[in-house]
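Shared chain: chain A. Partners: chain B in the first complex, chain C in the second.
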Partner chain A sequence: MIGLLLCLPAALILGLGFVWPVALLARISLNRTTDMGAMEEAFSLETMAKLVEDDFTWELAWNTATLSATCGAIAVALALPVALLIRSAPPQWRGLLSLMAVAPLLVSSTARIVGWMAILGDRGMINAVLAWIGVVDDPVRLINNWTGVRIGLTESLMPYACLVLIAGLGRLDSRLEEAAATLGATRTKTFLRVTLPLAAPALAAAFLLVFVLGVSAFVTPRLMGGGRVFVVATEIFDLALETVDWPAAAAMAMLLLGSLGLAMALRGLVAKVAR
Partner chain B sequence: MRILAYAAAALFAAGPALAQTGGRVTLQAYAGIFKDNYTQTVLAPFTARSGTAVQYHEGGTSAQMLGTLRAQRADPQIDVVIMDVTTAAIACAEGLVERIDAATLPVIAELDDQARASGGACGPAVTYDHLVMVYDTRAVTPAPTRWAAMWDPAHRGRIALSAPPNIQGLAMTAILAHANGGSWQNLNAAMPRLREIAPAVQTFDPNPDGYTLILNDQVRFATGWNARAQLYRDQSQGRIGVVLPEEGTVFQINTINIVANSKNRAQALALAAHALSADAQKAFTERMFYGPTNARAQVSPEAMARTALAPEFRSRVIPLDWTEMVRLRDGWNQRWRREVISASGR
Partner chain C sequence: MRPGWVLRLAAICGYALLLAPALLVCAISFSAGDFLTFPPPGLSLRWYAALVSNAELMAALRNSAVLAAVVAVIALLAGGPAAYAIARLDFPGRGFLAGFLAAPLLLPTLVLGLALLLALQPVKLAATWPGLVLAHAMVAIPFAVRIMTTAFGAVPKDLEEAAWTLGATPLQAALRVTLPIAAPGAIAAGALCFLVSFDETVISLFLVGPRLSTLPVEMFRYAENRTDPLVAALAMTLIIVALAVVLLVERLVGFTRAVGRN
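Our next item is the complex of A and B:
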């Protein structure tokens, strides 16, 4: 009983901050939009059905999933050496190094993207250097396309991957690696046969977190995609704020939420079976 | 006695603008330079004359303003809203704003035909803006006069265009359709030209906007709205050039509406009457170069020359019906994505 009472504040916050807005969104998704754009009260799955039948919705889903998976995997792969370095660093340095690894989170994502624009732009730093050393005549297209979005999204996801991996790897028992070394394993073998398998749950958790963040990423695809990158989040924005089709925007958001829920449930199931 | 009678008649003819004094009214409209200039040229004189305080609520885009109206449907906190005609039509259809006519707002009789018609049953047009081509005067010489200048291979990779569903993208498409096929609805006439320019476009989503990209030396050409473009031209000491191209342009129309169940309806009507009056229209046009909708506004020739209502430009305005555009929009959007953006190959 006391436990339930103690949970009440968190449950209330969750209810007001998440469940209620999502319920409202679900309700709006059942409305209809007239030919001239007005929203009509209804209890219909018509909007949802239209989206499901539209090939472009599936293209968006594919774009979103592949972008998040690619950037998530690269972010985790890049974060792993950072987390290993921090783990092996003297204890007095770990706090500072951890802070440095997640420092990008202290800067607004929009500000970071503006920085990327200055670096990757057609007349940005990289192209200026390439032109100066005479490697290229025309600028290399590093932004306003999928390349730019992949670079920006990977960078924005990396600190989260670092955060999870630093916490996960910190709990590994270093005596197991020492035992492997004592038994003659090389450093590579120790890493591949001992450290990596032990780190697998942390790697999976990091990937899951950055994948989910990647799926819902909006600012990076919007600002670095140059209107050429279509993912679910940018489409929801366009539907809500350009064409003012709230039922379609809400329906797409519900589809995204449902898909993510399904992915999480599947992941839980797989983990359960694996155990 | 006679003087008093004239005064009473004048007061009656002026409608609620002078009849109502005091109190307060909340206006929702665009932020930034629109707010600054509208406050100085229209709202401050209104407050001085009527004693009504105006609270300016920065609404963001028209779509965001519609969102606010929808959220406040049961308890409106906004009294007057200035928003784009297509979004205003949605608000009108949803009953979020009042139906209004010349009997309620006599100043409507002074407006031109298009201004009266564009609001439908609800509020009339309060400003005309139009799509222009903006360019970097340092990099593009001689000064271009046609949209076709953007197709010059010399500017490859230095062009920023907005793609639909952004209304600048829709407007640009309609202009190309009109120029190449005679009718703005004829999308097939525009597509070859759009596919042709696609590989030369640096971005289809200029951020923060085309004017800034030109000033930052990222692009040489972009599309823009005349009023802001004219201000940026002045602020940049002529670095940004503004052209109403020979192929034509289309109006972007803002309407003024009274929010349904407004808590300060009398003041709201008074503000709308003032905003539509010849004096306010003249003042705002001369400050910000939006075309006046009040046919009696005596705008200076210099300011009028920087709007699409200048005699030499009037014939270039393509009669685009934004209500019909809303119906066509989805199809255009899809074809842009499949045929134009996919052809940009960046």
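Our next item is the complex of A and C:
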């Protein structure tokens, strides 16, 4: 009984700041918006149906899904060598190398985007180098468009992929790779035939995590896209704060949650079938 | 097996991508120029001076620091006892509560922010201190509970039982034996909660108003509209705070363990 009592303060704060708002969100997604733009109490799926029938919603969903699938895959592919290096590094280096890979998680994403503006902007590092070599006359547009969003999102997802891969690969038995090498396999062959299959579950877990995070990312698409890139997250934000159409924003958020839940369930199913 | 050069090269590329933005922010923040130009036309501290003399941004910095400190204390006071109960006591609903207290981490912050706006606006709590404290405490508590559950769980139960045998009440044993041993974990949890609140952008974007704003929100808006090195100096301030917390947490409990999901 005393255990319940000890959990009470934390549970109360979560009840007030989490359960109640999310329940209200679900409830408001069933409301209607009148032609005048006011919210009207209702209990219907009308708002959600309107969104589902709208081609723009599907365009947003497609953009969002392809964006986070591409960036997620690249992030995992780039995190793999980092995690492999950490795994084979001498123990005294492992801590520092892991810290360097994961620390960007706690640097505010807006701060990192300012760094990207200095790298990718018209007067940024890459354009300075390109102009110095003399390849281009006019600056290449690398920011305030989809390219910028893809680069920024990939970088922001990488630390999460590193986190999963460092934990996942740490458990693999490195003697298997040594055995392959002893038996005459080249490095490439050892990697393709031994390391990669062993790492597959960790890679899949990392991809799923970063895909889910990418789908709901807001700051990177908004700032790196310069207001010209539209994904589900930016649309929810605009509906809530610019159009002030709460039922539509809530319905869109519920659809997002539903799709994420579906993705998780599918993954569970696939894992079960694979076993 | 020693890593081959292909792996090394690929890993260096990975690290370069991870660390480049923060390094560039650092370089640009000392720029003497008027834009985010690289290489900077000259070095100066003028944008730090501009930052310090910008009343709006300094007010936002003060708000963020106060908010983060309050949130860290609340998260520890509410999360600590819960973590102790989950790590040490057996009671009905323990598994459910452990899951529930981690639940906010499952939802995107964008959805949480929207939900909080819809809930707090009608009761006039949006853009107020209590509203922001509630929102930030909600996202900080799961971190506090997770880190402190591990910290309490790592203290051998025998020590507490020895204290009981010597006549201590369970409360005395928990406060005078287990808590001091778990103190590094508690400090790490507090530091991390401070940072979670200090860096929180998306939820705050939904909840701030003209009279109450936070530093990440101001930085977001600045970066949305203008591109001079002031925003780099601002970003540098946040990076330094984050770095301090990361190093503190790393020393106390190990950073990868604190933020890892298992």
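Here is the rule we use: the second predicted complex is superposed on the first by the 252 of 275 C-alpha atoms of A that agree within 3 Å, B and C clash if a C-alpha of one lies under 4 Å from a C-alpha of the other, contacts with A are read in each partner's own complex, and residues count from 1 in each chain.
In this text, a contact is a pair of C-beta atoms (placed from the backbone, for glycine too) under 8 Å apart; a residue touches a chain by one contact, two chains touch by 3 or more.
Please read all numbers here as calculations on a predicted model, not as lab measurements.
Overlap between chain B and chain C is detected when the two structures are superposed via chain A.
Looking at the superposed arrangement, the partner reaching more residues of chain A, out of chain B and chain C, is C. Once the two complexes are laid over each other on the shared chain, residue contacts for A:Phe207 go to neither chain B nor chain C. Look at A:Met36: by the touch rule set out above, it reaches chain B but stays clear of chain C.
Once chain A of one complex is fitted onto chain A of the other, the partner contacts of A:Asn145 are limited to chain B, with no touch recorded for chain C.
In the superposition on chain A, A:Gly121 makes contact with both chain B and chain C. By the touch criterion defined above, A:Phe56 reaches chain B but does not reach chain C. When the two complexes are overlaid on their common chain A, residue A:Arg228 makes contact with chain B while staying clear of chain C. Of the two partner chains, chain B is the only one touched by A:Val244; chain C is not.
Aligning on the C-alpha atoms of chain A brings chain B into conflict with chain C at a single listed stretch, 206-214, out of 8-16, 98-106, 206-214 or 278-286.
Residues 121, 123, 222-223, 227, 240-241, 246 of chain A contact both chain B in one complex and chain C in the other. The part of chain A that touches chain C in the complex is made up of residues 1-4, 6-7, 9-14, 16-18, 20-22, 24-25, 28, 78-79, 81-82, 84-85, 88-89, 95, 98-119, 121, 123-125, 128, 154-155, 158-159, 162-164, 166-167, 174, 177-178, 181, 187, 190, 209, 215-216, 218-219, 222-223, 227, 233, 236-237, 240-241, 246, 249-250, 253, 256-257, 260. Interface residues of chain B facing chain A in the complex, by the touch rule stated above, are 61, 63-64, 66-67, 70, 86-87, 89-90, 93-94, 157, 162-163, 165-166, 202-205, 207, 217-218, 323, 326-327, 329-330, 333-334, 337, 341, 344, 346. Those residues of chain A lying in contact with chain B across their complex are 34-39, 56, 121-123, 138-139, 141, 144-145, 222-223, 225-228, 230, 238, 240-244, 246.
Those residues of chain C that touch chain A in the complex are listed here as 1-4, 6-8, 10-11, 13-15, 17-25, 27-28, 35-39, 74, 77-79, 81-82, 84-86, 89-94, 97, 100-101, 103-104, 107-112, 114-120, 134-135, 137-138, 141, 145, 195, 199, 201-202, 205-206, 216, 219-220, 223-224, 227, 231-232, 234-236, 238-239, 242-243, 245-246, 250, 254-256, 259-262.
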